[in-house]
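These notes open a run of structures that come right after.
In the two complexes below, chain A is the common chain; its partner is chain B in one and chain C in the other.
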Partner chain A sequence: MDHKLDDPDIQEQEIDIKEKVKRKSNLGRIIKYFGFRLLALFITVVIAIYILILIANMGGAVDNIRMGQIRESVGMTMMGMSSEMAEWPLERRREFEQTLVDQEIERLGLDQPFIIRSFYYLWDAITLDLGRAERMTSDAGSRRVQLIILERLPPTLMLMMSYFLLMFFMALFFALFLSRRYGSKLDRMVVLLAPSSAAPGWFYGIFLILIFAVVLGWLPYGGMVEAPPPRETHLYALSVIRHLILPVASLIMGAFFINVYNWRTFFLIYSSEDYVEMAKAKGLTDRSIERKYILRPTLPPIITSFALSMIVMWMGAVILEQIFNWPGLGRMLFEAIGLFDVPVIVGGNVIYAYLLAATVFVLDIIYAVLDPRVKVGIGSGGDD
Partner chain B sequence: MAQDNLLVVENMHLYFKTRNGIVQAVDNVSFNLERGKSMVIVGESGCGKTSLGRAILRLLPENVCRYDGRCLLNGEDIMELSDEDFRKKIRWKKAALVPQSSMNSLNPVIKVSEQVAEPVLLHSLVDDKDEALKRAAAAFKKVGIPVDFLGRYPFELSGGMRQRVAIATSLITDPDFIVLDEPTSALDVLTQANIMNVLTRLKQQIDISFILITHDVSTSSEIADMAAIMYAGQIVEFTDARTFFGKPLHPYSERLMESVPTLEADDKLGYIPGQPPSLINPPTGCRFADRCNERFELCSQDPPEFVVEGGRMVKCWLYKESGERYVS
Partner chain C sequence: MRLRKYLSQIRRYPSVIIGLFIIGLLIFTAIAAVIIIPYEEAIILWRGGDMWAESPRNARPLYVDWFTRGNLPRTEILDSRDFPANKTKESLNGVYQFEIMLPLNYQYDGFPKEMNLFFEADFAEVRPNIAIEVLTPDGRQYKTSDISITRDSVIRMEQRTELRRQMGNQSPRFGIFADPEQEERNILKGEYQFIISGYLFGTEDDIDLRLVSYGQVHGFGGTDHRRRDLGVALLWGTPVALMFGVLAAVGANITTFIISAIGVWYGGLVDSAIQRVTEVNMIIPTLPLLILIGMFYSRSLWVMLAVVIIKGVFGPAIKTYRAMFLQVKELPFIEAAEAYGTSNRRIIFFYMLPKIIPTLIPQFVTVIPTFVFLEASLAVLGLGDPVLPTWGKMLNDALSEGTLFMGHFYWVLQPAILLIFTGLGFAMTGFALDRILNPRLRRR
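For the complex of A and B:
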């Protein structure tokens, strides 16, 4: 018997089949969906920053400290003013001092209640008008927090992106490889090594510096580029890569085995699904079974678990950057805390909030691409 | 033999290694299936039905420790093919599968159309994707799914629809036979009836053999031409279905049929006391002896396969003498 089309109905439908298979993707709905996601993330960021402002100002208690500081500095300034002021009666001096203090308070906007000011601060933070640093300067000499951060952002992004990409693909393929050799010696070794990820990356970084920089001398101790920096672009890039090796390696060491262990388990769970057996019965090669029937359906949960670890990593980089003398955001934050440079601390945290939101947004997009359950939900607006 | 055999299985063994010992899931099973006929394999859970299906399709788990016997498909011993040859020549081209729980038989992240059309593309039975999609559409029509379901993802289909998709997938390459491993066990009765109707219709319309594995005796009677009763890894009775459902021979088959609810029956349903023996170190004699109410001395020895009137095979000492019951 033939499966070819002997039914006139089917002949008619032939034309539509292709169209029907290509489910119409409604661009407007996709934009609407991501618009909503973006809005939700933005609201989250706003709330986070506002809480940060409340905490950094101790809910307004910092005002009292600043008032005291102003009064003190005004007093100091007056002492430095003309000597005849010393002959003024106390009353007049007090009065003059008060005018100066009031002027200063008004200039700084402290005459308004904290609650109102907190919203001004919020607006400034959201629009990335981060004010001026009290002590720190950018390498170019500016005191504007925005410029300091802009200078420090690229090294951090470079470090983290190299780590994320390397880690993701290495761990993914190693996990897939292990799931094929479930129960082998290598597999059991990885299971045994999984607790090694209890220690953070910087912990391993210390040992890596000891081994590869101190004892063997193969790689630099820290920093991002040689001093003086090479003039040619390719040499510069090469130098940066040499400096990247140790920090990235220690980040990977801090999370590799636990991720491999996790993902291998995901693969094992998903490879015992019925559709994998069905694919085998269909006569697919082992490689296409692995790619299409094991890797594809497993990616969404893997991306989720990786996303969670990524979010933690943004923060974990603070100490690592300090250890490797990496001129990034983490080290800036570390220095700012040491110097009590509040605007920089607040500014750094605002940037972190934005980075987190951006990460989540990118993952939303990746997720929608990978998982049709999400994609269809977007495409049909949930009326399916 | 003059008859045209589609599938001949001889002395099939499939043993698994487990921590507790070796499980003799399929133990020396032989049967033959004529071309154009369908058979049903009936038995309790854990009696090796599914393993037999797997053994025929060479879908083996990791822990296999014995897998041998002969399995002739159209006269060619497919057990001797290399894995690669088996994959290219037999898988889905000759032998397709509708798995146990079709709820999970579809990959959740790939469109139904692609999964249904996959085998024809894979085995280069058609030239391009359009052709494959047409075939998929035709298969969908056959099992009664609207053609526009092709563009859907599995999670957008109900259980019954997914089951139909699985059946459509198994039809698409025009295989010689299809192993249906409990195709209705996860569905509600109405959907079960629907699926069974689809299968019955297909059987009348196209020239295909079903090997239906089930524990549900009542639904299988419409489809099967032959019935194989499995108990503890062995086939204890192999007969044409009509006579079997009328008059089972083996004591186990009798008890099994008594346990099927019927509308007329006003007394209590029959049941078999005890449970099937463990397939690790099964009893040496007749494996059913412990639960059999007709056992006698001979039952401590392994019964051979007696052929009684009408070519019916029964593995029970009661039929030692020319097909008549020895003791009654």
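For the complex of A and C:
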């Protein structure tokens, strides 16, 4: 050992190898970290969905969904066998139907106690295999809850992604801008306006519709695209953007000032740290101080606060979609309430659970990219 | 000592004063509402029905009149019992001929929304027969055909086709009150006479009626599509909103606070259990869950409140509080307390919790509007409390009746303004309290 270290050549080689190993293990650590987070999150989702199933079935709702499905499929099979059975008396047919239903129930294991049954339901819910809607149909005409949900997912995602990106960058730059002008008129105005976020986005939506659609007539009342939808792709996109303005604007209004206010406070906290003073003393430019010494350490807490606000935002969007007639998941839930469509409501709960988990995961990734501790492997990142 | 310091600081923040003033006003309104209209009565009033028969549909609030400076018609009710001198009854061979004259001095600038006559007839066997005659100030005369009356008949002038025919095929409310001399539809002001005459067929038989000319403005909150006075909901929405907001905030926020302190103090398994429950809870979507419960079990505000509280106990705020408590736990005085053998409970409740109360109070105040709006959100989704009049239900009615398209703005704006008023009141107070109790840059 000892003589090896004395040799400078070998020493150098060793350092090289160590670096390589380190880099490799870094990548491995990141993958492992994400794998672990994904697994943890998946377990969380499964537990959450299981709780939802338990709550939903306290009134026997899920049982009824499954029974309805079975009866329907048995009915279909019996129709196929009708030529022979047409001569049977009604009672015999009923009896036969009942035996078929019972067989099917036994085959699917639904005659077992609820604890076991609930795990079958859990699997159905996780795979979004929630059977058929009672009254609702997708625009394509299908009654499968899965298809209805998948059809409604893109508009909701589009709305929320637009909000997410616009909000994040607008608020971030505005907050940074304000932290440079601490105490100015603009800054004090934002502090004064921060309480406006007490009202959710949909609430401002009502006013925006009133002003821009009813009084001024500049923008449409609601919906996602003109009727009839334009044929050309670019016109279609333009129409969607026109319809997107008001809902996104109201979502932003509901959270903009509070975010700017909070983030600006974070910036102020970090810009009063000693190392920032040190950097200033070294004569670094304002821009590079801002980027390397203020923005970098402030982003993780900002991401955390943004993640929490996003979780609230998903809920606000449910009502926003209804107010703006946006054909997304929120509107689907609203329609399902009106039609008392049980499978769709259970499905809506499950898909929102997935969306919340996805939000948490995406923000986890951003967090991991930004927070060097995750890369080095000290903190377990994200939450604690 | 410290309290006085805070109080003197409060004076320097006008937003706290405005906020507290708004909160005070709301509390006052809430108490007044409960006293003026008791709970049961509010529910009965909001259920609607015949009690609102004499108020107009979709009428704007009275204060609109002050802004327009116009002279918008209000609801006029003429009761024949108030004019005993105008009632005559003569016997003609066992049949009694009667006549009631009701004078309506119409000086408004607009047409009434509708005109209805509510009869109260008291008869032994045969139904009374009546006809309504209208005499205008310029001497025109219109008369309905004979109508047979039951004990509580309602005659709607708008539906009398014979009147419509006499008036050149226009709606009777225009036909009666418009000045025929002018091209445009203008009101002819003056004294109108409504003469109700007819026959009664028994000695004891009697007839009375109320003539209602429905106004375009009515009540301090206007009326909705079911003629209900929106003032009831505006007034009663206040205690409901405050109660829901405050109870949910107390139930959810303070327990969260205590639980996170317990988690941090005991650490280990307790802490990670709390963390995991919080994570699961965060994934369960609140609003869809409330929808699910509203659909399958109950829409009662109390059930919703309970769910909101249970859901809120392990809310995301636990993470924020936890970070703070982790810092508090490391403070020397806690170590000292531990050293001289203070019990766990005492450390949590008397040492750790008070340290963070300055953060809790503003948090608590700021979070109240979130719950007030949550109630409104549920109502807008059609899952409002089935019986209670609330601001959210008013918004829901308004939106589902397409008020924004119809132009009945008062209907949407009134609850909306009250909601934002409440939200701002609490939020302003909370934000300023935060700045007073936790001087800037100390909060993390």
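Everything below uses one rule, namely that the second predicted complex is superposed on the first by the 298 of 384 C-alpha atoms of A that agree within 3 Å, B and C clash if a C-alpha of one lies under 4 Å from a C-alpha of the other, contacts with A are read in each partner's own complex, and residues count from 1 in each chain.
We take it that a residue touches a chain if its C-beta (ideal position, glycine included) is under 8 Å from a C-beta of that chain, and two chains touch if they have at least 3 such contacts.
Only a predicted model underlies this, so the values are computations on that prediction, with no experimental measurement involved.
Which of chain B and chain C touches more residues of chain A: that partner is C. Shared-chain residue A:I319: touches chain C; no touch with chain B.
With both structures placed on the common chain, the touch criterion links A:M58 to chain C but leaves chain B unconnected. Once the two complexes are laid over each other on the shared chain, residue contacts for A:R135 go to neither chain B nor chain C.
Shared-chain residue A:K32: touches no atom of chain B or chain C.
When both complexes are overlaid on chain A, the residue A:K280 reaches chain B alone and has no touch with chain C. Residue overlap on chain A between its contacts with chain B in one complex and with chain C in the other: 384. By the touch criterion given at the top, residues 44-45, 47-48, 51-52, 55-56, 58-59, 61, 191-192, 194-200, 202-203, 206-207, 209-210, 213-214, 221, 265, 268-269, 272, 301, 304, 308, 311-312, 314-316, 318-319, 322-323, 333-334, 337-338, 340, 342, 345-346, 348-349, 352-353, 355-357, 360, 383-384 of chain A touch chain C in their complex. Chain A contributes residues 1-5, 7, 9-10, 13-14, 16-18, 20-23, 273-275, 277-285, 292-293, 296-297, 300, 370-373, 376, 384 to its touches with chain B in the complex.
By the touch rule above, chain B contacts chain A in their complex via residues 57, 59, 87-88, 90-93, 96-97, 99-102, 104-111, 113, 118-119, 122-123, 130, 133-135, 137-139, 141-142, 147-148, 150-153, 155-156, 166, 169, 171-172, 174, 205-208.
Across the interface of their complex, chain A is touched by residues 15, 275-276, 279-289, 291-297, 316, 319, 322, 366, 369-370, 373, 376-377, 380-383, 395, 399, 404-405, 407, 409, 412, 416, 419-420, 423-424, 426-428, 430-431, 440-441, 443-444 of chain C.
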